[in-house]
Every structure is written in structure tokens, then in C-alpha cells.
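Across the two complexes that follow, subunit A remains constant while its partner is subunit B and subsequently subunit C.
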Partner chain A sequence: MTVEQGPNGARIARETAPPQGGRRWIGKRLNRVEDPRFLRGQGRYIDDIKLPGMAHAAVLGSPHAHARIVSIDTRAAERLPGVIAVVTGEDVAARAAPLPSFGAGEIVQDMIATEKVRYHGETVAAVIAEDRYVAEDACELIDVVYEPLPVVLDPFTAREDGAPLVHEALGSNTAYERTFTFGAVDDAFAAAPRSVRARLRWPRSTGMPMDTNGAIGDYDAGTGVVTIHANSMNFTYFLWLLAATLKIPASKLRLVPVGAGGSFGSKFFMHKVPALAGLLSMIAGRPVKYVEDRTAHILSNDHAGSDRHYDAALAFDDDGTFRALRIDCVDDYGAYLQFGTGTHGNALSQVVGPYRIQHVEYSLAAVLTNKNQQGAYRGFGAEVSNWVLERLVDLAARELDVDRVEIRRRNLIGADEFPYRTPTGNIYDSGNYQGVLEQVLEAVDYPHWVAERDRARAEGRHVGIGVVASNERSVFSSTEFWFWFDEPDFTPTSSPESASLQIDPTGRIVVTLHSQAQWGNSPETVVSQVVAEEFDVEPDSVLVTYADSQHALPGTGPGGSRFTVMVAGAVAGASSTLKQKIRRIAADKLEANEDDLEFRNGAVGVIGTPDAELSLADVAMTAYMFRLDLPPDMESGLSAQSTYDHPLTTLPSGDRSDLGIFYPFVGHAWHIAVVEVDPETGKVDFLRYAAVHDAGTVVNPQSLDGQIIGGTVQGLGTALYEQYLYDDQGRVRNASFEHYHLPSSMDVPRITVGHQETPSPYTAYGIKGAGEGGRMLTPAILSAAIEDALQPYGVTITTLPITAEQIVAWTTA
Partner chain B sequence: MSTAAGQRVTVHLEVNGLWREAVVEPRRTLADLLREDLDLTGTHLACETGVCGNCNVLLDGESVRACLMFAVQAEGRSLLTVEGLAADDGTLGDLQQAFHDHHGLQCGFCTPAMLLTAHEHLREHPDGGTDEQIREAISGVLCRCTGYEQIIASIRAAAEAGP
Partner chain C sequence: MKPAPFEYHAPSSVAEAVALLGRGDGAQVLAGGQSLVPLMKARTVRPAALVDVNGVAGLDAIEERDGALQIGALVRLQALVDHPGAARSHPLLREAVRHAGHLATRHRGTVGGSLAYAAPWAELTAAAVALDATVELRSPSGPRSVPARSFFRGPHQTALQPGELVTGLSVPAQPPGAGAAFHEVSARYRDYAHVAAAATVAVDPAGACRAAELVLLRVAPAPHRVDVSGLVGTRLDDAALGALDAALAGLDPPGDVEVSGAHRRRVAPVLARRALRDAFARAGEHREAA
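Coming up: the complex of A and B.
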């Protein structure tokens, strides 16, 4: 054991030696096995793939946010040499069903709009051509006559009587409305001597991966099988939904996963692009590639982030003890509702953050407007909720005139209180929140920076400090998508992940994964390290491959910081079966007792007897080729598979006063930022930025650091720059990288990262998810730090992004 | 812009030390020439409007946006793409190895352009220069995954390891 005792009993060093003899590979800072192909330019992203006879598609998007389609004349486009077909909504309606949805009801979405368009950029036609240039030329020749309709862009206006309806069949723009109450909220507010209340605004931004969404459809008319190569195939076990859209038997849909150049949520259950590529291929009778260009990705990829208006309040005692939280949110979902209100279900998993708050009320109105629909973005709604909570906590500290660290410390859930049941019913499995706080304070020498800030302030400089916390729930069950409804239509409770292990006759281990897993995370490295741990082989000797959906076991893919936890569980399960078989074969051959065998250096041998061992290759050759050497009841071959289900989830209660356990493996983090703001230009400079995260057992500290830093910088974009802007007709004004500013290398601080490890008692090896944590803190910390820096101006930050123009407006007001 | 059907021109250029030839439409971009005609798909397109720098290649040693140039503009010139950075047997070059050792990539999409841009920077500043100079050198290449920290560390490490 190399575990050191930190402040408050925190375990600061990695757990390299757990009780049963030590870990050799999990926790090691290894280079990623995925890297070499990317470094050589051999990543094989979707647009790099060419199939024989492949045609290319381009799509035409609507220039209007809300308009009736009067007519579409495709004749000129069809006449252009090289054009194979022009496809409109009518053609689609004749051949395909609407797109899958997890929360639609009357809200029907087609691959290509029919009758009317509901947002700027909605697809109205697609062209299949010999070449992408020709397909784009042909799009310009399509003549669409629109009758513009009044637009509704603001969710409050959308809720008024007489507002234009986005979906007439629904009869209202309020798609969904509900208040959840946990505990005695009114009483707690009435009894508490103090409270703060704020109206907060989180604007629409997006994951914006460098690689857009794309797919290649490949229809085989002979067998009727539709093969779709796509850079997402999350939810292997939900693909029957996509088959239903294409009106083919699920057995005849074959999705081939293609690694993606980033997702951040934007490829989470990506449905529209694969469905379209599949259908276009069925129409053309040959392979068709459709890859979004940047404009199409911005305008019509479904997956932009939350767009929320809050009225939120926190009640507390004079000594700063938090009592109750009230959140009222109007969420501008845009024109469709693919994930239903799941992004608020997600927020409810950790709505009280790391604090002991007993009473919570959460109201949501999910409103439809003439904007692109929301989807997933790193944090899936919980990052927004964390910003709201941390803003209220800062306001409470100001109200009481107490230190912002002190008020947080006073309310933290204690290390001895786990597993901790939150008011909504979700539990936090384990943690040492005080320990993480002390580590981050020490990492930056907090008192030093407080003194520096005060000194700078005395000189008239605008230096500010932010200190914020966040929990990071990981590994969703599926109930957050439907517990909103009293009588949901469909109540899935599965979100499994699978792994198959095979040892080939030469002793090499091949692992097959069963969902789209390569989005820039490190699935192959994680799996190799876990396999190495189980069999004591070199991680880079392990080959990781991906099954296509016809061969896949149930899988859910990355998202909700679930993949590392779940795939480790699946690999552990398959390993255990396989090791059992190896032990039996080896015990027979070595004339030893199975219990006396251990796995060591690519071999299996008798503990304490170095000479008595068989290499995995010897065992494998026997298993494949020498049937008569095997125990009589044993089958030939050396493979095993395992499907790992969510290890800890329960159903919500009928009356929804208890939502059950649905997101229980909860990491924890603190960030500290010191900024200096230039009141004349609004520029924010970073003097110090430190993060400490506890994600349970760390598999690979190097790739975990990458996730934390990358997430933190994405959150910085959300906090300072990113927001979709619309004109009064609902047209997106910044649908390009020129006008939608992503953080560049000049915009980001040096970030130092520290780790603690409080293993989860419920997961394989004690791992917790960690892919979203960084982005859960930056919006809150930059709000806090900039507000502190602008203290002389009495600014309260309630709206993101905090642009330079906004800062200048405050300082010159 | 639409070109008369059938109009084609022949382009000759040196790519990673080999002279190559392709017959293309005059409007074909350099990026599409590389990706579609020469099957060098390591040059990636993320915006096609000259902003993200993910398509950067080195033309006579200078970084250029391959999405903004027409293929015909590269006639007779010499190009280095990511495919030219490793040894013929695939062994990573020093800069590539430094990115591998310091986790300078996640999804790998921006990586070819980052490597080439860093390559250009290190030629001009063999000692790596200051961190500020490294930041500035790569500021024209957008990465959405890494937050740049580990990319900067990789370039610094490559400089310290020396040529």
C-alpha cells in the first residue's frame, strides 16, 4: 500500500496495493494504446471511409425558423449531371416512420420536414450525387416556396395564450410541466431566518466536436440488410427503434461503429444522420455517405445543450446552515423533445450538491419554441443545476458576510455519512468531501492568494478568487427519462454494458466491445489495463475491437460518465469466467489444485513454485487443438462474455416522493481560480487555477487528467464565450466558427490537477465515472471569481456567458 | 461556383517526398485532393472556412489551410502532411512520441494539424521558445478535447528532447 494519510483522513495517494495482493496495472500512468493510429493520421473517422460505388449526400436546410412548405421543385436539381436522386419529406414519409424519441408524445419528428419547418436549418431536402461538390451544387438548384409563419423564440411568450404553436397537434407549446416536492419545503422556508433568491439564465450552447456527425448507408438489395457505418451507435440495445424508423426488421439493421473525433454529448444516441444515410442508400441502391458540414452540424444536429431560465432560492439559518432549496425552471427545449425531460431527471440526482439540504422543490416547464431541439451536452443538465446551486451559495455567503469556503465547509456531507440518501431518493455512495477541499486549499496556498487579492485590490487592480465544489454523479440507470410521468408508456430499467474476451490459440487476448466507445475517451486503454490486471499480461498485447450491432451484446456506450465503470465490470465478469476455465485446464496439466494457481507474467502457475507454470499460449493451444487433453465436460475454445448491469438502482415510488436510486456513484471535486479582470477591455486573465477531483479508484491518472482539463476548458467556453445568438426571425446569427468562439490555446489557464481516491463500494475495483466533472465546475467558478474581482462595482452574475462586452458594460455603468 | 462538366486539370506536387499527380476540377480544394484523390485522409476538415486550422499542412515548410487553397495552387510545390511524420515502418517521430508520452491527444482529430503546426514552430524555435510562444504558435488550431495543457507539455517535451 502506498496510501498516505491526508488532511481529515483523506487518502491522497493512489491505491496501488489493495488487500488481495496488490494491483499492478490499474492506476498506472500508461500511454494510451489508441494513440499511435491517430498520431500517424490513420484514425479512420467517418469521412475517411470509402466504400466501392459510394455516392455522396448533401442536405438543404430551411432558411426560416417557422414556415409552411408550399411547394418544392426539384426538377432543375435532378437534371444536373451527376445527381442520382433528390429526396424530400414526402419521399421520406412514403418510405420511413418518424425518428425515435424518448419523450415525444404528440411531438413527431421526421428525418426531412414535411408540411412545415420548425427551426432554422431543419432539413427540407437531400441530394444524392456522384460527388459531394455536385450534391451541394444541386441543393442550390432546389426551389422551395415557403409561407413564413410567426415565430416563437422566447419560452415565456410561447406559454401565453394565442402564441404560435410549434406543434399544432399538441395544442400548446408547454410540452410538459411538473413540480416535485421532497420534504417540507414551505415549512422550511417559513422557519428559516434567511434566504436568497435569484433569477438565473443559462444560455444555449453546444458540445461542438471537431468531427461532425456522419454515416454511410449501405443497402444490400439481395438480403435486404441495411448496413450503416456511423460515428455513433450508443445504445446497441435500442437499435430496434432505428430499424422501426427505416421500416425494416431489426434483424436486418447492422450498425458498424466508427470512432469519432469527439462527441461531448452531440453523438449520444445520434439518430437523424444514420437514419438518413440508411434511407438514402435504400433509395439509391448503393452506398451513400452523409457527413454534416459545420453549418449543418450547428444548425440541425439535434444535440445542443440546455437553455434554461431559473427562479431559484436557498433558505438558511443565521449560522449559515442550509435548510431548503427551491428551483423553478423554464427550459426552452426548441422544436422537438428527443430526450424528453431527462436532462432534469439528471439534475435531480445531485440537486443538493455536496451539501446537507433536507428539503427540495423542483418545478419544470419544458417549453417548445422555433429553435433546434436540445440534446445532450457533457453534464446532461446537472452541470447547469450545479451552477445554480453554487451561485445561491455564493449569494448566501454574501448575505451573511461569511467566507465562501467557510459556508460551504459548514454544510458539507461528512465522510462518515455515506452512503448518503439525498432528499430525492438518489444516494451518494461514498466520499470524503472535506479531504478534497483541504487538498485544493493546500495546493494553491489559499491564504496567500486571499492576501494577494486584497493587496491588488488596494492598488486598484481587479483580482478575484472563486472556490466552488461539485459532485459528479456517474452511471445512469434509465429511470430519469420516465419518472417524470405518473403513467409513462415505457419504463426501461436497463443500461448495461458488455464485453467478450477471447484468447486466441497463440495466447493473445482479444476483447470485443459492444457499443460505440471511441469518442476521444480511452476505452481501449481502460480495457487493456483491466485485462492486464486480471491476467497479468502487458496491456499493449491486448487487442480491443468493436462488434457491429448484428453481433453485439447489450451495450449503452459512453455518456453520463458511465463507460469506464461499466466496461470494467463487464471485463471483470468475462475475465472471471475465462480464468476459471484456464485454471481447470492448467490444474489438470500441472497436476495441481485449482486454488493454488495464480496468473503471472502471461502464464498460469502454482503459487510459490516458479517452475510449475503454463503460458497462456500453452493453455490456449490445448483449449483449441487438443480436445482429449481437456476435462471431459469442457468445450473447446477459450472465450467468455459478460453483460454487466447497473449494480445499484431501484425503482421510483408510485407517488414520486422518492425517485429511487438512479445515479449513485458520485465523485466530488473542488476548483479554485484566481483571475484578474481588465475593467477597460473586459479581458479575464488567470493567475492560478487548480482542481482536485475524487473519482474513486483511478484507472489511468494521465487520461483522467486529460478528461478533467478538457472538461474544465469546455466549461470555460460555456462561462465566457459560447452562446447561440438568434435574430428576431429565429435565424442563428453565429452558425460558424468565425462567430461562435471556441476557447483557443490563448484563452485557457494552466490548470493543475490533483486526485484523491475514495473507492466506490459498489463498482468493480471501486471506479467512479469522471468524464464530465470539469465542465460541472468552470461556469460556477468563473462566475464567482469574476464577481469577486468586480466587487467594487457591486456586480452579481446571474447570466452566462460572461462576455468581455458584458464586463465592460458593468464597469462603465 | 459551378464548373463546366468535364473540365479537368492535371496537378503535380510533391507529397511527403514523393511526386504525385492527379486530374481534378479547378475548384477542387487542396484538402480534397489529398483526402479524396490521394487517399491521404490524415488531413482533417472541421470547418472548411479557414478558421479551425484542423486542415493545416506544411507547404514548402509553411503551414497553410488545405481547405482554403485550391489544389491547382499547389502545382509544383512540396507538401508535408501527417502521413510523412513517422518512419516508413510506422515508428513514431520524436514529436509524435512526445504527444504519445504526454497525452497530447484525445480524439485525435486535431492531432495531425497540431503536429504539423508544432513541427513548424520547433523548426523556428529549436529550444521550444517560451510557453507563451508555444501557445501562440498553436492558437490557430482548435482542439475541443484537451484544453491544450497536455499539447503544450508535449511540444515542450519534444523541444527538450532535442532534434
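Coming up: the complex of A and C.
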């Protein structure tokens, strides 16, 4: 790997050319190494962990969306046998600081509400007890007197004068408002002969992992160290903020990572549960476990998804050439703004999609209401943006009466235009968009389905086809979290990832990672395959472990489809150091030139001389036990570590007319869906579904297939099923899986997955991230396919989810 | 999400179970637990005591007698779906109950539990009403039988008296050559029915409708039996089915968190027609096969 100076001071780490003869392990379809233990019930999730003397916590959530807390009487709860302590917001305020926030203005969020509650389910008290049953019994005995306040649930109403204020100190419910202009948007709209405009509505939903958030706090009064076992938390990126919340030195907060049964972004900054478990342990003086139940998770874990209202327009020529894009978004962020408006920063990384659009205007009002705050969910706002763009493109095709594939093809960025600078300043590193399109059309035999649709339509059946594209930005830079603000308080530019490699005295390789343990993604599979590639060992001989935070190197963890790219870079760096040491030892012992050595089948040997080789075990034993056989300047042992920084980040300009390079490794995908709609019942059946993605170099096609299918299914949930439903007092009406509908396996089509590989020129091995792409396409493709199926009814789909009830309402109108 | 404290009893006989239920301490019956246990965990339901009837002997058989069925209360829903005799004599039972939740749910859920809980989406309740079945009950004062057509009073409301235990369902013999069909719409595969229609149609040797039954779910507080006597003598053509519209016009289904009453009103006639047509077609197939 080489590092060079790029534009605006960017440090660009470039992958050196792939080895002669290709790669042996990267790119191989292998079973995930994580699967056996999780599938056999040996995964040790957070709720499986039991510490000696451990107590259990339950929390009491507010039944009101907006109310003043007049009084809390905890006496009856405290008297219940088995109760250790009842903790209220006052107790928390006395011992801890508010939760971390990256948002704007005077928006303070506490672990447990004080003075007033701002959303249904906000925690008002916690009980520590000998077991969870007693803790929940005691919650019922806490007497909270509320004075209900008028609720504000609609972001437009929230912006009106006189609306009830969610945060009085802020003086307004509009937490943030700004228009970004890139290019000559007004001129382009004026000059373009045609345009389409739509009001679009994206509903609030969430990532909804099977494993809810959970943590065990374990306070050691002797050392003052608070140990927290938790199923998420990015160590060096976020953990120091949590130490500030707990008012302890960061050195005394030790996080032990525990694998999670899913996150999908929703555990990206899992702040409330670990903070609470840590604090409760400090109060109880013994280990305390708190694991959200499903209702608490639905109500009070951050509502991970976006909740947006759009007024959007696309200007284009008579021949379908796109000219300019105008987006005006009101985003209902709920009661707090912990992440600021990063979800729109994300959208701006690829706001023009795969198309040559030169001029973009993007307006945002971030509004506070009496709902839970947003968080992060697969796509982090870019999936919404892509739905909006693809809807506009379909409308443009209809306006011009041209084929929906054709209009897209006409505007695709060409394979010879990379790296491509988009109007916002972010670049697309590489791509071959036409190649992916041709592959997906071939995968489904597109002309066949067009004929089938037309034949079915002639018979009175309602078959529809959707064809949509998306880019998939990957590997965020931290600038995305603050370039929104003119004068941000804190302007980080790092988002590193680290890996430590150790070869034990018997020659086995152990890799230590430095972020939270796995979330259901495949960090261990990926790392094993990269290590196997570097050392030519069997991937399943590699052990992957996770450091606790006191031993952690810089790490940022999964999020923004960054982990595979970044951890591969770190493993490559550490491998390079370690291989150099091995070469020196081996060259000495084999009396060979270092440059003539290669790694082969678990050994290091002289190229072209099969007999002249040493196994890694021989080298390792020498490194650990035979000091006098080592070169004199060499230390004993065989380990190395590396921290891989974002390979290509530049700063935004002061006036934000150029946001800089902040999300440059950009994959690409096309999906095609064929559906049949029953216009009398609203049922949607899938006749065909195909997805082709280009994520650069593929480490493991099987685990990548899983990411694509999983993302596609979550997008299907957003498109057809999921949304938070509220009553007029802001109470969530579907706070359980009974009525919060996730698609089941029986609701999911068979998905044909294909891959194209256009390596990134900037990342280790040319890998691009690919954890979110599926969800970036399904909402758009189902909108397009169902709209096409309902063509006889002249329907335009502008709101999700597309429910059966909505379909029947259209067809019977 | 843990239940409030409760006492637990595990009787081994009907008499013992009924005696426990008759103590008047608010005890509830635990059978398959597919509805009760989640409700208890949410503390929506908090019985002082549970009478677990899973160990009660003699309630888990399906007996066939002269075309009639006697189904024990502890028969699992999937056992009913899989029972070849029941599928032959009363195909509606299989058609309806296979929609009840997922396979795992049906392997736990019981006939007695489904009848006693009387969820407005419970497919078995529609079939029981359509087939004119009788719910068998037992209390300390003895057995009692209540026709399904008067047993279901509303959502989760039945003729069951405090202390009474559902012991079974008896289903009378059906007219020879009857066909059955069940159509349902739900938010997802095997989710709660938003609307459902259960139909049976028997045909005469000439192939015309001789008798028909239609029961709709979720258009009224309880399983709703629609008067389809007007179909007798017809071949369920469009004109005959069109007459149904009048019978369904007065429906005023309730809305809930998932769908509106208006949606139910739009979809119910669609499912009614489809169920009747399919039942008629199947009756015709039986006739030809015979």
C-alpha cells in the first residue's frame, strides 16, 4: 500500500496492484465462521451472561407523550421484598451528566427524565431488584403524578407560532434550518423545458433487531472502574463521551464487547442502555443487568429511521437529459437531536444518484415533536434520498412517455468519468454502471417480463415491473456529522479502524479487533479471509477476538458500510509489518534473500524451491523461544498492530458550497421486480426479483449475498409494512410485534443476486462497503412496480408504506 | 416483560380442573398459551391463578361417528389440520384452521383455547358457526352444550360462564358432496385476519346449489353468519352472487389499529364471493368424483 497527498490535504492510501496469478482467499464463497456458534445457541448474547451477585433492572416508561412530572412516590416500590433501589431522574441528575449529544442548541437528554417527559415511553424511573420479575412488579408500584401537556406530533404544526414547545430552552421546535445550493439551480430549472415535482412522505420505522439493547454494569468500588458488558458501543469513537455522562475518567470506563443479534444501525450509538446499566451498578454496588424488552425497545430505543416530508423536483430536457434537482425536506426528528442532522449529510453524499445532474438545491428543516428521537438505520438517510430521486425519475419517464430503463441509461455517469465529482463535492471513486444494468436485465430476461406484463394486462391482470438503480456510498468521514453547521463546536476528521495480529508460539494467528463485537455482520469471516490471503493459511485456523476498551486501539465500528473496507485496511497494514519480520527470520534461517520468499500453505519459503521453507510454527517458535537465532536488533515475539485511517477525506469549504470528500467509495446496484397486485384485496405477489450489485472487490460473495438480501428485505418492510402508529395524544399504538409488522420469511420473494466487481482505486484490495445497498432500492422498486401494476388506475405512489388498504382504496375510488 | 405473580395448578382430570376453576379466585385456563402467555407477559391479563390443562387426560382426541366429529379441547390446531378423516368429512375445518398463525403456533394452540378466547380473527370460530357445531362445556354442576351460533357474543366474549371449561367441539355430519372454502386477507402471511370468509356449498345431482353457508370474520362483533338461502337452486353465477350485495350492504365493520372499517367493508364482499365460488366448484368436483 502507498500513501500520497490528495486534493485539499487528503491523505490517499492506495492499494498496490493485485498479486500475479490473482487472489487465493479473497473472493471465495465460504461459510461464515460466525455461524456455527450462533446457530447452535452457543453465541453468548448479552442475556446469556450471568455475573456473580448480579441484580436485574426494569424501567418504567412514561404513558404520556408530553407531560410535566409533578411528583414520583417510590416508597411502595422500595418496600417490595427483593427490591434493591428505585432510581428516578433526580437521583440520576445528582450523579450523572446528560447523555452525549451532537445536535444543535439547548437540547438536553437525560438517562431518566427529569421535570418533564417528551415522548411516550421515555424512562421516568428504574428499579434494581433481585430478579427481573420483582423489578417489573416494583415498577407498577411507583406512583408518578403527571400533568399532561399539549402534544405536538406534526412537524408542520410544530413550526407554527404558539405550538407547544418540546424544549422551552430552545425557544422553537425548528432545531435546524438551512438551504444548500450547489451550482446554478434556479437558472437550470428556468432553462430546462420540463420538470416534474412531487410531495413525498417517508414514514418513521426502525431497524428492529431480534436482540434488543442490553448491558451489564459492574462497578468496582475499590478501583473505581466501571465495567460495562454491552451488545454495542464504539470504543474510541464514542465511549469517552459515555464516561463524561457517568462523570468518571474515561480510563475507568471499561467496555466489554458482547456480540449482538442484529443492529442494522440501530445500535450504532447505543447510549441509553449501557449508560443506565453502568449508573445502576454504581448505585447498587453490584453488577446490574438491564436488557430492554420488546416494548421498551420499540418505545424508547431511538427510533432509528427517518420521518420525512418532501417537496422535490427534477428538471430535464425534452430528450430526457436531467439538469437539476431541488429537494425541500421537513424531517420530524422527534424529541431530541442527538445525531444532529447527519442523516441528511449522508443523503448529500450521493444526492444525484448514479446520474449526471449538475445542479442541486437541498433545503432541510429539522423539527422537534413529541416522538422518540431518530437514530441510525441501514441507509442513514441516503435510502430515503434514493427513493425520492427514483420516484422523480419514474415521473419524468411518464411525463416524456419514455421507457423507465431508457431514461436512466441516458443519464448514467460513464465508466470513463471516474473519479467523478458530484455537485456537493463528494466524489464517486469508480464504477461501471452500464455493466451492472446490462447484467440485471439479462438476469431476469427483461424483454420476456415486459411481454408477460403486457399479456397479463390484456387479460385484465395487474402485473407490474419496477427497474431502479442506486449508488451505495460507503465509509463515512466524520465531517458528515458536522458540516451542517456554520460554526460547529467539534469538528473531528478521523474515523479509523484498527487490528492487532499475533502469531502464537505454535504458529496460529489470532486477530484482535478494536470495536464492538459483531452485530450479525461478518467481521470474523472477512478478517479470516483477509488474513488467509496475506499469509496463505486456512481461514478457519484464524481466531478473531475483541479487545475490551481499556486495551483498544482507535476504532469506529460498523456503520455507513465502512467496516469491511476499514478492517481490511488495518489487517493489511498489520500483516505487512508481521510478514516483514517473518521474512527476516526466515531469510536468516534459510540463508535466502528476503525478496525471494513467499507465503504458501502456512509456511514461508523460497520461490521456486519447494523444499526450502519454514512453517509459520517454526518461525513462531524461533521468534518466541530462540532469541539467539534472531537478528540481533530484533525483539522477541510475533505481533503487530495497525490503525487504518479513512483513505480519502477532505474538509468542506467554509461557505459549504463544497462539502468536501466524505463518502467516496461508491458501489452501484440495480434491482428488477415483477409483481402482481390483486386490486380487490390489495395483496402484492412477487413473480420475479433480481438484484445486481457492484461493491468493488468482493471478499466473500456468500456473506455479501446475505447483506444484499437482508437489506432488500428490510427495504421491503419499509415499503409495504412498517411504520410507527400514533394516537392523537402521541401514544404509540403498535409497540409490539403484534401490530408493528416486520416481513416474515414467508413474505419475502426469492431474490436472485448477482455481482459485478469494479475495484476501488483507493482502498485496500479495492473493496467497497456494501452493508446498506439492498435497503436503498426496495422502497423505490416496489413503488415503481406496484405503480406499474396499477397503471389502469392512474396511481402515483408518493407515500410509504404501500398498504393493502391503500391499494384497495385506489382501485375502488 | 414478565407476568405478574400467579398461582399455578396442573390438574390431571377434567373434574379436578373444573373444581379448581370453580373456586372463584379468578383462575384462567392455560392450554396452548399462544394468546394467554404473551398477554400475561405484557401484564394486559393478570390472572391470580392458572389451571394448566395440558396434563388433563381424555381431551386430545378427534373421534368420527357417522360423519360427525367430536374434537377434544386439547387437540392442537395443527393436528386438526392434519387429520385425514376431518379433512374428508369437514374440509372447512382444514381450510380455515390452516390460516391460524404459523406452523409452530398451530402445534401449540388448541381447539379449546381458540374457542374460549374467541379472538375476532380466530378462523376456527367461523368454521364452527358455518358448520353449526356445538361447544361442549363442563362446570362443577355438570356438562353443558352451547351451539356455536350462540356461543360467540363478541370479541373475546362467549357464553362461557366463570368456572366453566371448554371440553370439546362436536360438529354434525355435513350434507354429502358439500364443498368448502376459506378466504382471508391479513397484513402478512398467516397474520391476524383483517377479513375472512368461510363458505360451504352443497349441490344437488343436477349441479345446482342445494344448501350454502357463509360466515364472515371481523365485519361484526362476532363471527357473522350471512343469509345465503337465496343461492339455493342457483349455480352461483354473477347474478346470484350479486344478490349478496344487498345482504352485505348493511355491514358496519369496526376499524382497528391495522385497518379501517371501510377497508373491511370493501374487501368482505370480495372474499365472500371467492369463498362461495370456490366452495361451489369443489362441491361440483365431489359430485363428479362420486
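One rule holds for everything that comes next: the second predicted complex is superposed on the first by the 788 of 813 C-alpha atoms of A that agree within 3 Å, B and C clash if a C-alpha of one lies under 4 Å from a C-alpha of the other, contacts with A are read in each partner's own complex, and residues count from 1 in each chain.
Basically, a contact is a pair of C-beta atoms (placed from the backbone, for glycine too) under 8 Å apart; a residue touches a chain by one contact, two chains touch by 3 or more.
Here the structure is a predicted model, which means the values were calculated and not measured.
K.L.:
Just to be sure I read the superposition right, which of the two partners does A:A804 touch: subunit B = first, subunit C = second, or both, or neither?
P.N.:
In the superposed model, A:A804 contacts subunit C only, not subunit B.
K.L.:
Which partner does A:R750 reach: the first (subunit B), the second (subunit C), both, or neither?
P.N.:
In the superposed model, A:R750 contacts subunit B only, not subunit C.
K.L.:
A:G262 contacts which: subunit B (first), subunit C (second), both, neither?
P.N.:
first
K.L.:
May I ask you to decide whether A:S636 touches subunit B, subunit C, both, or neither, giving the answer as first, second, both or neither?
P.N.:
neither
K.L.:
Determine, under the contact definition given at the top, whether A:G682 touches first (subunit B), second (subunit C), both, or neither.
P.N.:
second
K.L.:
Quick one: subunit B or subunit C, who's touching more of subunit A?
P.N.:
The larger set of subunit A residues in touch belongs to B.
K.L.:
A:R40 in the overlay: touching subunit B, subunit C, both, or neither? Say first, second, both or neither.
P.N.:
A:R40 sits against subunit B, while subunit C stays out of touch.
K.L.:
Return first, second, both or neither, reflecting whether A:R294 touches subunit B, subunit C, both chains, or no partner chain.
P.N.:
Both partners.
K.L.:
Identify the partner contact of A:M208: answer first if only subunit B is touched, second if only subunit C is, both if each is, neither if none is.
P.N.:
first
K.L.:
Determine, under the contact definition given at the top, whether A:D137 touches first (subunit B), second (subunit C), both, or neither.
P.N.:
both
K.L.:
Of the residues on subunit A, which ones does subunit B touch that subunit C also touches?
P.N.:
Dual-contact residues (subunit A): 133, 137, 293-294, 736, 738, 743-744, 746.
K.L.:
Using the touch definition from the top, list the residues of subunit A that touch subunit B in their complex.
P.N.:
Of all residues in subunit A, those touching subunit B are 31-32, 34-45, 47-48, 81-82, 133, 137, 207-212, 259-262, 264, 293-294, 519-522, 702-703, 705-706, 709-714, 736-738, 742-746, 748, 750-751, 774.
K.L.:
Under the definition above, what is the set of subunit A residues touching subunit C in their complex?
P.N.:
Per the touch definition, subunit A meets subunit C at residues 132-133, 136-137, 140, 293-295, 680-683, 721, 725, 733-734, 736, 738-739, 741, 743-744, 746-747, 803-805, 808-809, 812.
K.L.:
Spell out the residues on subunit B that touch subunit A in their complex, using ranges where they run on.
P.N.:
The contact residues of subunit B facing subunit A are 2, 5, 25, 27-28, 35, 40-49, 51-52, 54, 81-83, 85-86, 90, 92, 96, 99-101, 103, 105-112, 115, 134-136, 138-152.
K.L.:
Once bound in the complex, which stretches of subunit C touch subunit A?
P.N.:
Listed in rising order, the residues are 1-5, 38, 42-43, 102, 185, 187-192, 194, 257-260, 263, 266-267, 270-271.
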